[in-house]
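Look at the two complexes coming up: chain A is in both, with chain B in one and chain C in the other.
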Partner chain A sequence: MIKYTIRRFITMLFTLFIIATATFFLLAAVPGDALSARAERLPENIKENLYKKYGLDKPTMERYVITMKSMLHGDFGESITYEGQTVSSIIRDKGPVSARLGLQQMLLGVSVGLLLGVLAAIKKGTWIDYLVVTLAIVFISVPNLVFGLLLQKVFGGTLSWFPVIGWPQGDELWFGGWKYTVLPTLTGCFVYIATYARLLKTSMLDVINQDYVLTAESKGLTRGQVIRRHVIRNSFIPVMTQLPMSVAMCITGSFFVENIFSIPGLGLYYVNAVSGRDTSIVLGNTVIIAALYIIVIFITDILYTLVDPRIRIRGGKK
Partner chain B sequence: MAELTKERFKKVASDRFDKDVISRPTISYWGDAWRRLKKNPVAMFSLGLLILCVIMTIIGPYIRGLDFVTVNGVKKNLGPSGEFWFGSDSLGRDLFSRVWMGARVSIIVAVVCTAIQIIVGCIYGGIMAYYGGIVDEVMMRILEIITSMPSLLITLLVMMVLEKSVGALVFAMCVTAWCTTARQIRGQIMQLRESEYVMAAECLGASPMRIIIKHMIPNTLSILILNVASSIPSYIFTEASLSFLGMGLDSNSISLGVLISNGRATMDLYPYQLFFPALALCIIVLAFNLLGDGLRDALDPRLRQ
Partner chain C sequence: MSKLLEVKDLRVSYHTYAGEVQSVRGVSFDLEEGEAIAIVGESGCGKSVTAKTIMGLIKEPGKIKEGSEIIYRGQDILKLSKKEMGQYRGKEAAIIFQDALAALNPTMRVGKQIMENILQHNKSMSKSEAFEEAVKMLEMVGIPDARQRAKQYPHEFSGGMRQRAMIAIAFACQPKLLIADEPTTALDVTIQAQIMRLIKDLQKKLNTSVILITHDLGVVANVAKRIVVMYSGKIVESGNSEDIFYHPKHPYTCALLNAVPRLDLENKQVLASIEGTPPDLLDPPKGCPFCTRCRYCMKICCEELPEMTQFGDGHQAACWLHHPMAADCERPKEMEVSK
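The block that comes next holds the complex of A and B.
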């Protein structure tokens, strides 16, 4: 087990290094960065200093070494478009916004999804089952950007129940200002509802057909007891594997949801940096987002082996 | 010991020879799958809907005979009417023709991407599973590294480097997508490799390439079909999302994503400009997903009761 963890940890570090390197060289190949647009009208010597400041006067390989070194020291670079904004300050300012949105979406989406999944599996073949299955496939087939725009139009525009734009600031950053977060959260959570309802339903139906469930029933347990003690517990394993994927969905989903509702979070900032070709910000943020993603997968992998004994044995042998 | 007498060698009545002939026609795996699919009304409906959509993307842009490319300053932002069935956009172009044109581009992009994903995934996964050992180990590590990154990030970065064009979009979306296919193919082939008929082929001296193409791939077809059914809608999705973020095709080209993104700009005043492209997108994706579900039920023997 410990050997497995260490091996995974080393792979993780190596993966991060590869990602940082690949991103750096990809960005070095970007035609025309934000700096050249900014420096166009400036006198020659200021232009030179500006390039020097961002280290863009040096050859690519030298820049690569310098960037990697400073990343190791926790310095991820400074924005070209907005002077003074560093990657760390952006993460500090915008990270919580995205984190709150993501957490709200996942909590609501996953819990509602699981509930619907259990319902659909227990009431298999009834109208509840069909309703859940139909809703799930509709939710999966409608892109969240269409959902977002629709909600914005109906509840924000026509009915004016919720504000279309804005986000809680200051003291209300984590709690409060709920009216701003309702529509974005709803938009983002549909995909979780659909995924988890479908997933849990299939996996529960799988478990219900197992022999140990038959044994439990023949021992005289009530249906509720069987479902609670045997079926639900065992059908949660595929759900656990889906969770790290959901974090990925959350990160990439935030690009769209934040864009639709103009939420000042990481996703919106990242997309703007990409379209503005703000290379140093893109590099830093890519590495950080990728790191976050990889670490989450690493942790869930380890937790997963702890929870499911069958995998622990296999992992231990390796 | 029984004695061999003459009457022991009498001719047997010939009708006894066909006793073991199977009188019912044998149903092949594919025939069976097709039969199951035909019984599923939802899947057949979505198949019909898809065929209709594909026909419409071919002839749809020309039904009205209107020019949907050049700007028409006089007839802009007209609501749905007899002349413009879906209305006209902010530059006076017929939205009905544009929606089908956009759907054509979106579907073609999705199909090309899926083809690339399947081909690359098959070759990579096949090689990985067939050779095993160190080759497998190294190739698996590469896969792990690629899949451990959010794929949209890679797509965005690649789009940032390349100029906006259909080719660049296809490339950017395919960069990471083949990994899942490769992994599934590897798993399936690992199972097949142990089977007797592959051993027989090896004993007869078939080359590795021949075994992969002739024996492995036909047996992994059902996985591939399911892969196609789930990949096409997700590519249509990704294209629309990227164009929406302004990172996909540029706003002069026509695709569903571009139309939605243009429609969003005028959403408050002319909602139908957003509604029709979004509706077309949803219907196409929904039809693909429903058909994919039906195919899964038809093709996966484990789901049968």
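The block that comes next holds the complex of A and C.
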């Protein structure tokens, strides 16, 4: 187990290195930089100084070495477009906002999705099944910005139950200001509902046709007992592969939802940074998000062993 | 001995997109208490469907036809309520499947899978008592270190041990009826013999009636007293195992017996097989289902179903060759009538 963790950690560092390198050169290959828009109207000598200040006057390879070196020391650099902000300060400020939104969306979406999935599988071939499948198709094919605008119109506008935009700040950052979070959470949770309902339904139907379900029935268990004890756990295995991706996704934020509801989250900022060619911010964010994904995947691999005893992590003592 | 189970005119069909597949077409047999019988036939002849029907495990799109009856101790199990069915399954009748790895829940400890059966039918029992009982069951089926093994998962067991564990589950509540659906097909020959011996021993010890389902006549010989031979959803011959082995009365049975590999075969001798394939059960033939593959087929065979002919001592076969008018026709040498 320890050996396994160490091995995973080394692979993780290697993966991060490749991601950082690829991102760096991709950004370098894109025409224009963070200063080109600003520098256009400036006199030549000020322009030069400005470029020098951010180190953008040096050749690409040299900049690469400098960037990687400072990244090794945990310094991801300063934002060029937003004076005085660093990658860490941005993640500290914007991260929690996106994380709360994402987690709320995910918790609601995954639980409703799983519930619908179970229902559709048990009531296969009835109207409930068809309703769930139809809903799933609608939820997955209609972009969430459409839902966002609709919800704003109906619940924010016509009925005036919830505010149209805004997000709790300060003391209420994590708990509180719920009324602001209702519409964005709903908007974002549809994708989760669709994904998980379909996933669980398919895998449950697969498990229901297994021989061990027949064995369970032949013991005289009721249908409910068979589903609870034998079907659910085994059909959760594919769900477990999907879950880490969702967790990572919910932390990195969702650009559309944050945009529609003017939520000062990471997603919105990230996209702005890309279009503004804010190299250090994009690079830093990418590496940190990649690290997050890798850690979450590692945690899932360990969770697997809890759900499915057939998977045991090798490399340890046993 | 009294009758434990009577299957009367059992008909089961599967409704598929292609049409109605008539898997079982009027099967009748009975089983006495403590008796072991075998149902023999090739793949798709309806033997497994018959087994599942007796356990009440037929699901959509399968359908049991009106007029079918399965009388267990005087009660038609096809008419049981859900609750009564729950008490019948596991407690009265149990089943062992072919592939034990697929038939055991991969994410549940073996001991717990046995306990589940015990607890379901002994509501007053505590969990620890049930665990002790499960360990006892594992010991009974010959699993060493039963206490340790009970805490393991099925994938940690070998093939033979998994089947033993399946048997432990099946016998956990000491059922009166055990259905063994090809219990040894997935195992190698030495393990096959051990498992068959185990089933036979337990049957004797607990006075359980056994329905052994197999396509391998070699497996049947020393376990079952009576043999039922099925072909394309129908019984073509049934009788005592000696009668079936030494005096078969149906060309299909003869062909099956010839297909059993023997130790005294010449080195390069080709194994005997039955030419052709079974009829399509979407549209069963109106005559004898075996007629297209039968070397002794007559004109009448393709046109009309043969009646069961009785030969005494419960031995019966459905073949036109036994009709008085066919007395001079060519027939398999095993079926020659001594004059």
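Keep this in mind: the second predicted complex is superposed on the first by the 282 of 318 C-alpha atoms of A that agree within 3 Å, B and C clash if a C-alpha of one lies under 4 Å from a C-alpha of the other, contacts with A are read in each partner's own complex, and residues count from 1 in each chain.
Assume contacts are C-beta pairs under 8 Å (C-beta built on N, C-alpha and C of every residue); 3 or more make two chains touch, one makes a residue touch a chain.
The shown structure was predicted, so the numbers you read here are calculated from the model rather than taken from an experiment.
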### Query
Clash or fit: what happens to chain B and chain C when chain A is overlaid?
fit
### Query
More residues of chain A in touch with chain C or with chain B?
B
### Query
Of the partners chain B and chain C, which touch A:Gly220 in the superposed model: first, second, both, neither?
second
### Task
In the overlay, answer first, second, both or neither for which of chain B and chain C A:Tyr293 touches.
first
### Message
Under the stated touch criterion, which partner chain does A:Tyr304 make contact with: chain B (first), chain C (second), both, or neither?
### Response
neither
### Message
Applying the document's definition of touch, where does A:Asp211 land relative to chain B and chain C: first, second, both, or neither?
### Response
second
### Query
Touching A:Tyr51 in the superposition: chain B (first), chain C (second), both, neither?
neither
### Query
Is A:Ile137 contacted by the first partner chain B, the second partner chain C, both or neither?
first
### Shortest CA-CA distance between chain B and chain C [superposed frame, angstrom]
7
### Task
Under the contact definition given at the top, report the residues of chain A touching chain B in one complex and chain C in the other.
none
### Message
Looking at the complex, which residues from chain A come into contact with chain C?
### Response
210-212, 214-222, 225, 229-230, 233-234, 307-310
### Query
Within the complex, which stretch of chain B touches chain A?
141, 144-145, 148-153, 156-158, 160-161, 163, 233, 237, 240-241, 244-247, 260, 264, 267-268, 271, 274, 278, 281-282, 285-286, 289-290, 293
#### Entry: Parts of chain C lying in touch with chain A, wherever the complex brings them together
52, 55, 57, 82, 85-91, 94-95, 97, 99, 102-108, 113, 116-117, 120-121, 153, 155, 166, 169
### Task
Provide the residue numbers of chain A that touch chain B in the complex, in ascending order.
11, 14-15, 18-19, 23, 26-27, 29-31, 137-138, 140-143, 145-146, 149-150, 153, 157, 248, 251-252, 255-256, 259, 271, 274-275, 277, 282, 286, 289-290, 293-294, 297
